[in-house]
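Here the structure is laid out as structure tokens; the discussion comes afterwards.
Note that the chains take the letters A, B and C in the order they are written out, and that residue 1 is the start of every chain.
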Amino acid sequence: MSVVTSSSHPSSGSISPAAAPGPDPAGAPTPGDLAGALARLREQAPLVQCLTNAVVMPLTANGLLALGASPAMVDVPQEAGPFARVASGVLVNLGTPHAAQREAMREAVTAAEEAGTPWVLDPVAIGALPVRTALAAELVERRPAVVKGNASEVMALAGLGGGGRGTDSADDVAAALPAARELAARTGGVVVVTGPVDLVTDGVLEVRVPGGHPLLTRVTGGGCLLGAVVAAFAGSSAPLVAATAACAWYGAAAAAAGRRPGAGGPGSFAVALLDELAALDPATPPAGLA
Amino acid sequence: MSVVTSSSHPSSGSISPAAAPGPDPAGAPTPGDLAGALARLREQAPLVQCLTNAVVMPLTANGLLALGASPAMVDVPQEAGPFARVASGVLVNLGTPHAAQREAMREAVTAAEEAGTPWVLDPVAIGALPVRTALAAELVERRPAVVKGNASEVMALAGLGGGGRGTDSADDVAAALPAARELAARTGGVVVVTGPVDLVTDGVLEVRVPGGHPLLTRVTGGGCLLGAVVAAFAGSSAPLVAATAACAWYGAAAAAAGRRPGAGGPGSFAVALLDELAALDPATPPAGLA
Amino acid sequence: MSVVTSSSHPSSGSISPAAAPGPDPAGAPTPGDLAGALARLREQAPLVQCLTNAVVMPLTANGLLALGASPAMVDVPQEAGPFARVASGVLVNLGTPHAAQREAMREAVTAAEEAGTPWVLDPVAIGALPVRTALAAELVERRPAVVKGNASEVMALAGLGGGGRGTDSADDVAAALPAARELAARTGGVVVVTGPVDLVTDGVLEVRVPGGHPLLTRVTGGGCLLGAVVAAFAGSSAPLVAATAACAWYGAAAAAAGRRPGAGGPGSFAVALLDELAALDPATPPAGLA
């Protein structure tokens, strides 16, 4: 797998400082940055608080455990806030936003802002669905370190409060680039647009990360888990490195899972994905990263 | 696998029109009807809204994805109604009916009725448990395109409002035939009674679908997923064809999973089931269907 | 696998009678007791009501099914109480204690007490998180047949109302022994402290159960499932036998899963664990038990 980078303003590669520790490279992340990010994650076993949808909780928690992080699905009001102060990273995924969870999300985001805990927003299926769309519009103003979505979600989120351009349900990654840049500028953070090639931008620098596997789209929560992986990396790497490392290593694990002889269908692919996340080795990055 | 059909009134094989598109055969579904139903499902990738229990959400979503449908677990009040208007089919499964989900179910069913979206009722474990039993009695009057349950559930549901015959917890499929017929007549739709041989009836025609595998009863959500598969087929086939195709193809996938050398236990069987759902091929129906 | 037993008061090996049927041995459980416990479980297929966290529901239900029990995730208010009267055992796991589930837990525990249904308390992550900690302090006074937790959880629970010793987040099993004994004396039941070697005590007798596999800690719900397995055994064995049998047989299944050639990662290990739970045979107990 290779990581292709570009920048519209290469000389001003500023990255949102947010609250994340770890090095803050002046330019696009290098393969060495990505290897270092995984090594730190494995060493620190970051506590990742997930307020996520009911469908993907098991895969999300298992994927984080396999990767080397420590998942905690603390999404009950009165607990979510205190926990976000001590977590290494927080994921807010809007897939099944029931009332109590919405309350917990607001608590967690407020606490994360105050404590400097980096948090990730995954605005699942926003656009037409009213409850999550309003919640996303509210939360995006709270400076998520990273926003991760597919092209339609990113375009919908950028449009909210930015002129009401609405959403396009059949968008590709390239079409979402202007929206991603605008959103990154507005949040002061990083935006990931997922697709066959993922796009990562802080509004200035752009990184394109190929990899992955078509079967990943046949596994429920394959995209949601990536959001949690971003939150795990954000605990010990600056947002642009964290988001790029998450896409690159996750894509490498998916590609490796797809190469397994037994993983010819979505069931066995999902099992292999967890095995491959556990088998990722910072010392031997996937071919394209070297 | 063979599909055995019979009819108490073969000359009047009427099928509930409901809102489903697709052919409306005058008699019991033929193997060709079932192959056509899968081909249409694969071509259209129907959007299936699932309001289902918390335990089986991952398997349900993964099973639908494997089959070729597009699952959407939209079960939040204020979102469930609007989504049911655009979905191809809706599943309402009463396995863990928390208050907010009950509200979302009523919304979704009302919208489905108005928009003509076919919807499937799975009255999980009704009879003794008061919350879901009352809800099932209410919802069954809203003309589900298909009701799917085991013998006890179907007998309990038919008894509700029909004379209070109550439920019998150790019923077999044959014993539930009168209840299934009555229920189909009352809803104007189709009723599926699951068991070693599934029974499908529209109140007049009866289809018996053997197949499946004993390990399916050792996988949590093995029955609940079938309800979602019925909803997926109902998006592009009339209810009797949809229900029969769902039972036949799902049973074929389960039987194939059981034949895999590695699938000797419930864990590996569940993985193989997803792989086999993805591998189903309309052009090469399972032996018994030909 | 061997089961090592010891007792601080070997001559007074009394075991909480609770409501569980089955033999009530005068001393620490023997391998024969454990074989008998599994044989009874398989014969009776106990109905195990689980009020557990959203993350582990699928694994919990699948693990119980694989073992030979009948899981029922009935956690809705107004249903949880009536069901606890007819269940063989009840699990109350505090992992994601949303408001409606808390209400259902109180209902279930009250009904279990009245009906004599043995119930198991798993005080997940109590200590710092306020909602679950308060709930655990309330429920532990309701005489759970078995409390199951890691060392930190057991120490936190023993400290509640017992002098405020608070919790220690890096405790090992040996350090939790005094807390476990005190807690057992207070509840009149049995306490399990999980770790590389599990500790089971009724306040007088102590049993140490080695076994298991390191990959079990990389599977979400690996510990939560053990709590459900305890509840399954508690339906037909006295608490000390039930808890010991659960740890021993579950550990045996995990060890066997870890020996499988293909189970080198957490994904395939979890699949193998379910297969091995189904393959457990009372007639051929694992080597160390003989």
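In this text, a contact is a pair of C-beta atoms (placed from the backbone, for glycine too) under 8 Å apart; a residue touches a chain by one contact, two chains touch by 3 or more.
For each chain, UniProt lists the protein as follows: A, B, C = Hydroxyethylthiazole kinase.
All figures in this text were calculated on a predicted structure; none of them were measured in a lab.
Colleague: Same or different for subunit A and subunit C, where same means more than half of the interface numbers show up on both copies?
Modeller: different
Colleague: Considering subunit A as a copy of subunit B, what rotation angle in degrees (nearest 5) results from a C-alpha superposition of the former onto the latter?
Modeller: Going from subunit A to subunit B via C-alpha fit gives 120 degrees.
Colleague: For subunit A versus subunit C, what separation do you get between their C-alpha means, in angstrom?
Modeller: Whole-Å distance between the two chain centres: 36.
Colleague: Among the residues of subunit A, which ones contact at least 2 other chains?
Modeller: Within subunit A, the residues that touch at least two other chains are 54, 58, 270-271.
Colleague: If we count contacts the way the header does, which residues on subunit C are in touch with subunit A in the complex?
Modeller: Listed in rising order, the residues of subunit C that touch subunit A are 53-56, 58-59, 95-99, 125, 128-132, 218-221, 264-268, 270-271.
Colleague: Spell out the residues on subunit A that touch subunit C in their complex, using ranges where they run on.
Modeller: Those residues of subunit A that touch subunit C are 54, 57-58, 61-62, 65-66, 71-79, 82-83, 86, 100, 270-276, 278-279.
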